Every structure is written in structure tokens, then in C-alpha cells.
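Shared chain: subunit A. Partners: subunit B in the first complex, subunit C in the second.
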Partner chain A sequence: MTGELGQLALCFALALSLVMAGAGLYGARTDASLARAMASSAALGMLVFVMLAFGALTYGFIVSDFSILDVASNSSTLKPLIYRISGVWGNHEGSMLLWVLVLSLYAGLVAFLQRGGPRLTSAALGVQGLLAAAFLLFILFTSNPFLRLDPAPFEGAGLNPLLQDPGLAMHPPMLYAGYVGLSAAFSYAAAALIVGEEAIRQQWVRAARPFMLIAWIALTCGIALGSWWAYYELGWGGFWFWDPVENASLMPWLVGTALLHSALATERSGAFRTWTLLLAIAGFSLSLIGTFLVRSGVLSSVHAFASDPTRGFFIMVLIVLAIGGALALFAWRAPSLQGGAAFEPVSRETTLLLNNVFLMAACACVFVGTLYPLVLDALNGTKISVGPPYFAITFAPIFFALLLLVPLGPRLNWRRGELREALRSLYPAMGIAAVAGLAVLAIATPRSLTAVGAFAMAGWLIGASVIDIRKRKGARAAAFASALAHAGLGVSLMGVTGTTLWRSEALEVMSPGQTMQVGPYTLRFDGVTNVQGPNYNAQRAHIALMDGGKESAVLEPERRLYLEQGQEVSDTAIRTTGLRDLYLALGDDRGQGRFTVRAYVSPLAPFIWLGGLVMALGGILSLWGRLRVKAPEPEKAASAQPIAAE
Partner chain B sequence: MTPKKKRRLIFAIAVVAAGGVLAAGIVYQLGQNTMYFRSPSDVASGQVGKGVAFRLGGLVANGSVHHGSGADVRFSVTDGKSAVAVDYHGVLPALFREGQGVVALGSIDSRGTFTATEVLAKHDEKYMPPEVVESLKRAGRWKEGGS
Partner chain C sequence: MRNLALCLFLLLAAAPAFAQAPLSLEPSSFSDPALELRARNLQRQLRCLVCQGESVDESGSPFAADVRALVRRQIAQGRSDQQIENFLVARYGDFILMKPPVQPNTWLLWLAPFLVLAGAGAMAWMTVRRAQRRAASS
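Right, the complex of A and B next:
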């Protein structure tokens, strides 16, 4: 029964999304207040029905209703409850339903908050309705999660074991909240182009800013979670692989970051009006392209649940329509768009412009490296892959140049800034940078110029943030948002540098009783026992961490064989001091109780994700300030403010 | 030329120059880091130069896996027509089996042995790397619906 209810709810949601699209777009006219009310009600109604459908599917997964094909092929009664629930989005159909649920949540929020006035909201809802309708059609025609299976099997096929993990249970909802959050910015940008009058059109940036912030926070958390998962689950000790799927989430983040900064300039000083519109369109376009890459099966990875050409084709058409439509709208309105406000070469605007230039350049590098193999394959069938060094070599210098400018921006005034004064206020940060660089040069081995530069940079970023925070003691929380977000960059940079340059690694075949050395640690292999989990059998190694001849801890990495899929997954053991990770993975069985053991010591590894968390916290502070206090009025030319409010 | 126009011109030149540098950097680095996918037959026909990094894909030949000292392992990769010997030092992926699909990253040394820096296998029972399917098809050893 629940399956049919879910299906019915989806059909109702589709009908309501169409109402929302029609009424919302019509409501952009001055005299259409009835249509506007209708669009808002339709948005809330659609949210209710999509929640119903999602609830129905979740119920099916929880009670293991194997008469639903999606449940039968992706779940089993042996799975713990949490993975039965996360299994809802651990497959193609369910994940698309989650996508639409998040889209509906944003639409509901747009309707509820009515930011930017009734006409702008209405047009934004109209665009959001079109997107929802497209995705609901996609679900109903190519990816229906409620298809029945007759006869129902006694047991389901189970979820991909790699996905049975608490970190990954939360990763897709986070990432989707980010991807789809950019749809709200996209809808507002399109709405601004649809609404005729300049006065109303100007309000879109301020109206959309909380949605940009939510999207950015969620993307930051989602990417950090995904990278953390790859670190502890894949057993390679790495945190980022420049895998196309990872890149698909990084590109919207880069554009989203650029959008946050460009929108700030547009809102506060009126600069970059046209550019901010284009960025909002580009951000969501990259989310769609990411979804296409991941879901169409053109890439083979843990994310490609099923490769079905009709699905890929459908998403491709959707991308072309969304991007093409938005750009056509842009071209239509372009003649009437006012140029941005002017500014001096030394000003806050210039630093934000450079911020955007560097972020877009970095995004371009990632974009080309990710899509080049696909294009080449499509053109002449040549199968190539672009190695990770490409990304490191092109991305790192651009990002480094960007980071160098970060502390400067908040210290320059809008329109016209004083470079010398800004630099003077940064003397302490330069001191911290120099000390950090010299300390690394003195202590760390092996000596590397990259490490010195990276730590000086981290000192520069964190030092500048500390100055900011000290200067504004007692200010409202939102005032610390940018300082925190920028400090997070410095923290992550230290983690990335430490892990990449100073990691020690050992790989040995160990017999019981044998010891091995990795970095400063001595490890004793005490053999392997067989353990039974709820839906897997595991070989669990007992490895003692030795401290001067005594055991100080026991680490237990595992190799799990998941019964339903016959798939082996490694479960690493990580012991962290906060400053350094000891990381163990159990390798293959070599007979007679001997096993390969892979061990890493990764200095500063936890900083990578701590930095992400700090960045997200900065975003949250900014958002909190936004929703609590009325947004600041655009500044007049003369008003001077030494440090930005965000 | 008015100062405003002059500034615009300088800005435009800067944008074009920066874009050119970026594009040149991207193209150059792509060329440096592109790894082609090759089947054992490609290697046998001498299409691959020595010391050039590439991805070798095929099936692990039956009975070819020999563990050396420590974490050294030797096996051969076949597409049914030709086979290439692979040397590897490291942990084999969980689903590394004889007769199963595998992709190895590395290059051919002066002795004609492929030294792998990384070995990837499929990550579940159903999955076969698409490149491996391709190379088996080309060698005429691919059966739809079974491996």
C-alpha cells in the first residue's frame, strides 16, 4: 500500500509543481496577486506531497518491504536500522527522490520567507517549480522508486558495503543540500531577469544570499565528510584523489565561493551586477553537470549506481534546457541591465574581483581535467585518464595566489581603499607568517620550500583572522564570520601540507609476534581472529602499539566480507593525537597466519577536516547574523568601514 | 584616449594575457599527465614506448600470481590474445583474483616487464572496469552477460 501512496504523492507533487511554475511566472506581473498566493500555496503543498513520498519510501526500507523493487535490490533485513534508512538514498532512485525533497524544501523556504518582495519571490518560485517538475518527470519516467516486484523475494540484495558507514550516511544529504541550494540562487537570478523593473531586480542578491550561504555551508560540510570517508574507508591513507566524482562536487563549491564574494560586492557597493547573475547561473549549472556525471554512469565509481543511457540523456536535456534557458533570458535582458558601480583599482571590489578571477581559473582547471577524457572518448573512442599531478600542478599555484590576497580584502574600504594602511594593520600577521615559515624550516624534515611556503601562508591567514577577531571583541557574532572562514582555510592548508609532505608509510608482510616500524611508532602484529558482524564476516587484526617494550594500545583494522554481495571492504584503524594520525589497514592473507599490513603516520591529518568545520562555522555565523538582524543597507560612497561585516 | 578608456584597455589586455597563460598551462599540463589505456595486445604490437606511463587493463591470467618476498607480487594481465607480465609492490585490492578484471597503472621497463605503481580491481562482484570490457571486446573474448 505505501508504495502506491508514494507513487500517488509523487503524481500530486508533479501537478502542484506545474501549478507553481505557471502561477509563479505569471505572478511576476504587477496585477497578479492571486497567482502569487497560488504559487506559494502550491510550493508548500508540493513540499508536503514530496515529504509523503519520501516518507513512504523510507517506511518501505525500514520495514524491508521487498515487494518494492528499489528496496529489494538495495536493502536487506540483515542491515542495521541506520543503514536501512541511509539505504533510501544509497541508490539511484532514492537519491533522486532525496534531490527533489531538498528542492521542495528550498521552494517551501522561498515561499515561506518571501524575501525580496512578492513579485521577485513569485518569479523565483516559478523557476523553482519548473526545475521541480523536470526532476519529478525524470523520477516518474526513468527512475521510479516505487516499482513493484512480484513475487516479492524473502531477502533483499543489500546495500553496497562501502556505503554502510555513518560518515557516508550523512554525506549525500549534505551534498544535495549544497547542490540544490544553488538552485535557489539560480531561481532568484532568473527571477531577477524575468521581473522587468530595475528597482525590484536589484533586490535579488540580498533575497538570495541566505540560500547561497546555506548551500555553501552544506557543500563545505558535504565535501569534508566525503573526503574524511575516503580517508578512513578506502585504506589508501589519502584524503583527496582528484577523482571525477570528487571534482564534480568541488566545482560547484569553487563557483559557490566566488558567488558568495561577488554577491557581497553587488549587495554592498553595487559592483559586478551582471557578473553575479552569471555566477548564480553557472553555480547551479555545475551542480547539474555534477549530477549528470555522477548519475548517468559515464563515470565508473562507487557513486554510479546504475548506468542507463535514457537517464543520462534525460539529465543532459535538462542541463541544456536549464543553462540555455537561463542564458537566453540573460541575453534578452542584457541590453537593459545596468552596469555595476565604479570603483578604484585599490578597493575592496578589486580584491573581490581577483578572488573571483582566481576561483574561476581554478574551477576551469578542474573542469578541463575532469571532462577532457569524456570528450576525447566521445570524439574518437580514445580511453585516457588525467593523472592527479595535473590537478595538483594547475590548481595549487592558482589557489596559493588567491590565499595570499585573502587577508587584504576585508581591510580595504569599498570603492577606494588605502593599501598602505591595510598592510600596516597586517604587520603582526606577517610576523606570524615569518615565524611559522622559519619554524618549519628549522624543525621539519625533509626540508621543502613548499612546506615553508604553505605554513607561512597558514600563519598569514590565521594571523590576520586573529587580528580581526581581537579588534572586534564584543561585536555581534556575524562580525566574526569571515575571519573564521578564512582561518579555516589556513587550518586545512596545514593539514593538507602535513599529510602530503610528511607522511611516512610502511608496508610489510607480518607474521604473528613480528614488529614493524613506521615513523616514530613500533607496532607488534598479534595475529588475526575471525569476527562475525550483523551482515559480514571479518578478519580482525590485533596490532599492539609498543611504547618502550610495553603495550600502550591495541589497534584493530579489519577486512570485512559482506555476505550478500560477496564484497570485501577494509576497515581501517586510526589512532589520533589530534596532531598526528597513526593509520593501519589490513591487507591480503598470505597464508600461515601472515598478512600484509599497511601503516601510515600522517602528521596534522585531522586539521584537514577541522579546517572545513571552521569554514562551515564561519558560514553559519554569517547566516545566523543574516536571519536575526535585518541586512545592512547598501553603503554610501563616503561611509568608511575598516573591516567587512562578513 | 580618455583615462577611462585607457584603463579599460589595460584591463582587457590583462584579462586576455592571464587567460592565455592559463590556457597554455592547462594544455601543457594535460599533455604531461595524460595516461592512455592500453590492452595487452596493444603492448604486444609495440604501440607503447618504454618508460611511458599508461593504464594496462585486462584479466589476471589464471595461475600467474606469484608472491615474492615481502609485499612483492608478480602476475600477468591478459586479454585472451596476448599477456603482459606485471611487477607490483603493494597491497592488492580486496577483489583481486585470478580470472578477474584488473587495471594497473605504471610503465614498461627496459626488460619488457610492466612495473605497476597502483593496481585497481572492480569493487563488487557485478562490476567490470569499462576499459577492460573494451579491451576484451577488441580481442574478441567478451561474452555479453558473463565474464
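Right, the complex of A and C next:
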């Protein structure tokens, strides 16, 4: 029954999304208040029905209703409850439903908040409705999660063991909140182009800003979570692989970051108006392309559940329509935008522009690096690999140049800044950078210029942020927020550098009682016991961390054999001091109680994700400041406009 | 300010870096650390063809183990990194190199980021000049 209810709810949602699209777009006209009310109600109604459908599928997974094909092929009664629930989005059909659920949540939020006034909201809802309709059609026609299976099997096939992990249970919802959050910015940008009046158009950036922030925060957390998962789950201590699927999430983040900065300039001084519109379109376009890459099976990886050409084709058509439509609208309407702010070459505007230049180039690296091999293969079957060395040569220097400029931006005034004064206020940060660089040169081995540069850079970023926070006590939350986000970059940079350059590792075949040395640690292997998990059998090693002949801790890395799939997954044991990680993975059984043990010591590894968290906190603070103060600056007469325009 | 510098210094001091002879997946390896390091670096430049974007150095697959053994054998025979890479490319194609070679069909790949940087930079330059003229005339 629940399956049919879910199916029915999806159909209703589709109908409502079409109503929302039609009424919303019509409601952009002055005299259509009825259509506007209809679009808002349709958005809320659609949200209710999509929630129902999602609830129905979740229920199917929880009670293990194997008469639903999706449940039978992706779940099993043996799985613990949390993985039965996360299994809902651990497969193609369910993850697309999650995508639409998040889209509906944003549409509901847009309808509820009515930011930017009724006409702009209505047009934005119209665009959001079109997107929802397209994705609902995609689900109903190519990826229906409610298809029945008759006769129903007694047991399901289970979930990919790699995905049975708390970090990864949260990773997709987080990432989708980011990807799809950019759809709200996209819809508002399109709405600004649809609505003709200048006074209303100017509202879009301010209206869409909270959505950009939410999306950016979620993307930041989602990427950090994904990289953390890769670190502790894949078993060899790496944290970022330049894997196409990771790249697919990095590109929207880079463009989203550029968008936040460009939108700031547009909002505060009216600069870069067309560019900000284009970025909002590009950000969501890259989310769509990422979805296509990941979901179409063009790339095969743990993320690609579906390798079905019809789905790939459908998503491609959807992308072409969405991006093409938006760009056509842009080409048609953008020239009529009144343009151009006045500012001096030394000003906040210029630094924000440079931020965008470098972020675009960085994004181009990732874009080309990800797609070039695919295109080359499609053109003439030539296969090349674009691995980490490529990104080290292209992405790293471009991003490094961007970081160098980061502390300067917040110190220059709008319109006209004082470079000399800004630099003077940064003297302490330069001092910290020099100290950090010299300290690394003095103590760290192996000596490397990269490490010195990276730590000097981290000192520069963090130092500047600390000055900011100290100087501007009691200042606006926005200044504090940007200082925090920029400091997070420095923290992550230290983590990345420490882990990459100074990691030590050891791999030995150990007999019970034998000891091994890794970095400063002495480890004693105390044998392996067999452990039974809910849906796996594990070999659990007991490895004592020795401290001057005494046992100070026991680490227990495991090798799990998941019964349904017959797949082996390593479960690492990590002990962190906050400044470095001791990381153990259990390897092959070499017979007679002997096992290979892999051990890493990764200095500063926790900083990688700590930095991500700090960045996200900066975003949250900015959002909080934004929502707390309704209309912060009366400097623009336009802020009173939307009501007047009605 | 001084406190901060001190904190940073302590933080760095507390995170000592260790230069240890790194080991590969097979415990057996060169006794000469320089050769071992060479082998590791080379292994990192080679892609495991049967895995998902992992290098030969990280992968636990039999293919990767074979390539590691081959790399070590050839290093022991005194062949240079370039010779070993050429040998592998002749066998498996460019796909095995993590760093794509610079050749006519990858020129665009290598240049694109910097072309975008130059293009965006030029656009930014023009934008700033226009804004400056506007500021001067107002």
C-alpha cells in the first residue's frame, strides 16, 4: 500500500509543480496577485506531497518491504536501523527523490519567506517549479523508486558496505542541501531577468543571499564530511583524491564561493551586476553537471549507482534545457540592466573581482581536468589520466595566489581604498607569516620550500583574521564571519600540508607479541579475534600503543566481510591528539596468526576538517547576522521598493 | 600579538615532522633508502589501471602489485625513471601516467586554466578601467 501511496504522492507533486511553474511565472506580472498566491500554495503543497512520497519510501526501507524493487535491491533485514534509513538515499532512485525533497524544501522556504517582494518571489517560484517538474518527470519515467517486485523475495540484496557508515549516511543530504541550495540562487537570478522593473530586479541579490549562504555552508560541510569519510574508510590515509566525483562537488563550491563574494559587491555598491547573475546561473549549472557526471554512469565509482543510458540521456537533456534556457534569458535580458558602478582600482570591489578571477581559473582547472579525459576518449578513443600531479601544477599555484590576496580585501574601503594603510595594518600578520615559515624551516624535516610557503601563508591568513577580530570588537557580524571563514582556509592549509609532506608510514607482517615502530609510536600486535557484526563478520586486531614499556591504549582496526555482498571493507582505528593522527589499518591474513598491519602518523591531519568546520561556522555567523538584522543598511533607497511596486 | 606568534610557534614545535624511510605495501623493499624513495615516487606517478583513480602505490590490487614489482626490478637493473615510464607507456598507453604528458592532444588541457586566468584577468582589467573612468567623471 505504502508504495502506491508514494507513487500517487509523486504524481500529485508533479501536478502541483506544474501549477507552481505556470502560476509563478504568470505572477511576475503586476496585476496577478491571485496567481502569486496560487504559486505559493502550490509550492507548500508540493513540499507536503514530496515529503509524503519520501516518507513512504523511508517506511518501506524501515520495515524492509521487499515487494518494492528499490528496497529489495538495496536493503536487507540484517542492516541496523540507521543504515536501513540512510539506504533510502544510498541508491539512485532514492537519492533522486532526496534531491527533489531538498528542492521542494527550498521552494517552500522561498514561498514562506517571500524575500524580495511578491513579484520577484513569484517568478523565482515559477523557475523552481520548472526545475521540480523536470526532476519529478525524471523520477517517474526513468527512476521510479516505487516499482513493485512480484513475488517479493524473503531477503534483500543489501547496501554497498562502503556506504554503511555514519559519516556517509549524512554526506549525501548535506551535499544535496548545497547543490540544490544553489537552485534557489539560480531561480532568483532568473526571476530578476524575467521581471522587467529595475527597482524589483535590484532586490534579487539581497533576496537570494541567505540561500547562497545556506548552500555554501552545506557544500562546505558536505565536502569536508566526504573527505573525512575517504580518510578513515578507504584505509590508506589519503583525504582527497581528485577523483571526478569529488571534483564534481568541488566545482559548485568554487563557483559558490565566487558568487558569495561577487554578490557582496553587487549588494553593497551595485558593481558586477550582470556578472553576479551569470555566476548564479553557473553555480547551479555546475551542480547539474555534477549530478549528471555522478549519476549517469559516465564515471564509475562508489557514487555511481546507476549506469543506465536512458537516465544519462534524460539528465543531459534536462541540463541542456536548464542551462541553455537560463543563458538565453540572460543574453536576452541582461543587456537592459543598468550597469556599472564607479570605483577606483584600489578598492574593495577590485579585490572581490580578483577573488573571482582566481576562483574561476581554479574552477577551470577542475573542470578541464575532470572532463578532458572523457572528451578525448569520446572523440578518438585516446585514454589519458589526469591525476593529482596535474592539479598540483595547475590548481595549487592559482589557489595560492588567491590566498595571498585574501587578507587584503576586508581592509580596503568600498569605492576607494588605501593600499598603504591596509598593508600597514597587516604588518603583524606578515610577522606571524615570517615566524611560521622560519619555524617550519628550522624544525621540519624533510626540508621543503612548499612547506615553508604553505605555513607562511597559513600564518598570513590566520594572523590577518585575528587582527580583524581584535580590531573590530563589537563590529558587525559580517566582518567577524569573513575573518572566521578566511582563518579556516589557513587552518585547512596547515592540515593539508602537514599530512601531505610529513606523513610517516610503516607496513609490517606482524606475529602476536611483535612490536613495530611508526613515527614516535611503538605498537605491539596482540593478535586478532573474530567478531560478529549485525551483517558482517570481522577480524579485529588488538594493537597496543606502548608508552615506555607500558600499554597506554589499545587500537582495534578491523577487516569486515559483509555477508550479503561478500565484500571486504577495512575499518581503520584512528587515535588523535588533535595535532596528529595515529592511523592503523589491518591488512591480509598471512597465516599462523600473522597479519600485515599498516600504520600512518599524519601530523596535523585533524586540521583539514577543523578548517572546514571553521569556514562553515563563518558562513553560519554571516547567515545569522543576515537574518537577525532585517534591513541592515538604509543606504539604498531601493530597499523599500518591493511593497511600493505592488 | 606576541602571544599569538608564540602560540603558533608552539603549535609548530608540537607537530614534529618525521623523515622515516617510507615503506610500500610489500614489506620487502630496497635496503638503500634513496632507491626506495625513487621507487615510491615513481609508483605514485603511475595509475592502477583496474582501480578507481588510485595510484599503483596505494592500491591493493594484483595489477598494482605486479607493476610495483616491475618498477623495483627495473630500478634494480639500473634503468632511469624515464626509461621505466616509457616502458610502461609502450605497454599500457598514456593512461598509466597520473600526470598527462604534454603533447599536441593535451596542450589544451595544460593551457586551459591559464588561458581562463588570462582571459578573466583581462576582463577584470577592463572592468576596473571602466569603473575608474566612471569614478573620475562623477
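The definition used in the following text is that the second predicted complex is superposed on the first by the 627 of 646 C-alpha atoms of A that agree within 3 Å, B and C clash if a C-alpha of one lies under 4 Å from a C-alpha of the other, contacts with A are read in each partner's own complex, and residues count from 1 in each chain.
Operating definition for what follows: a contact is a pair of C-beta atoms (placed from the backbone, for glycine too) under 8 Å apart; a residue touches a chain by one contact, two chains touch by 3 or more.
Predicted model, so just to flag it, every value in this text is computed and none were measured.
Novice: Which of the two partners, first being subunit B and second being subunit C, lies in contact with A:Y372: first, second, both, or neither?
Specialist: both
Novice: Check the residue A:V435 against both partner chains and state whether it touches subunit B (first), subunit C (second), both, or neither.
Specialist: Touch status of A:V435: second partner only.
Novice: Does subunit B (first) or subunit C (second) touch A:F241, or do both, or does neither?
Specialist: The second partner, subunit C, only.
Novice: For the overlaid complexes, name the partner, subunit B or subunit C, with more touching residues on subunit A.
Specialist: So, of the two partners, C touches more residues of subunit A.
Novice: Name the contact category of A:V601: first (subunit B only), second (subunit C only), both, or neither.
Specialist: second
Novice: Just to be sure I read the superposition right, which of the two partners does A:E551 touch: subunit B = first, subunit C = second, or both, or neither?
Specialist: A:E551 sits against neither subunit B nor subunit C.
Novice: Who does A:D589 touch here: subunit B (first), subunit C (second), both, or neither?
Specialist: neither
Novice: Is A:E155 touching anything from subunit B or subunit C once the two structures are fitted on A? First, second, both or neither.
Specialist: In the superposed model, A:E155 contacts neither subunit B nor subunit C.
Novice: First (subunit B), second (subunit C), both or neither: which does A:Q567 touch?
Specialist: A:Q567 contacts subunit B only, not subunit C.
Novice: Once the shared chain is lined up, is A:S504 touching subunit B (first), subunit C (second), both, or neither of them?
Specialist: second
Novice: Overlap the subunit B and subunit C contact sets on subunit A and report the shared residues.
Specialist: Subunit A residues touching both partners: 300, 302, 345, 357, 361, 364-365, 368-369, 372, 382-387, 389-390, 393-394, 507-509, 596.
Novice: Under the touch definition given earlier, write down the residues of subunit C that touch subunit A in their complex.
Specialist: Its residues touching subunit A are 1, 4-5, 8-9, 11-20, 22-27, 45, 47, 52-55, 58, 93-101, 105-106, 108-110, 112-114, 116-117, 120-121, 123-124, 127-128, 130-132, 134-135, 137-138.
Novice: Under the stated contact criterion, what part of subunit A meets subunit B in this complex?
Specialist: Residues in contact with subunit B: 160, 162, 235, 300, 302, 345, 357, 361, 364-365, 368-369, 372, 382-387, 389-390, 393-394, 507-509, 559, 565-570, 585, 587-588, 590, 596, 598.
Novice: List the residues on subunit B that touch subunit A in their complex, please.
Specialist: 7, 18, 22, 25-26, 29-30, 32-37, 53, 55, 67, 70-71, 89-92, 94-96, 123-125, 127, 129-131, 134
Novice: Subunit C touches which residues of subunit A in the complex?
Specialist: Touch residues, subunit A against subunit C: 236, 238, 241-244, 271-272, 300-302, 340-345, 349-350, 353-354, 356-358, 360-362, 364-365, 368-369, 372, 376, 382-390, 393-395, 398, 415-416, 428, 431-432, 435-436, 439-440, 443-446, 455, 459, 462-463, 466, 498, 501-502, 504-509, 518-520, 579-580, 596, 601, 603-604.
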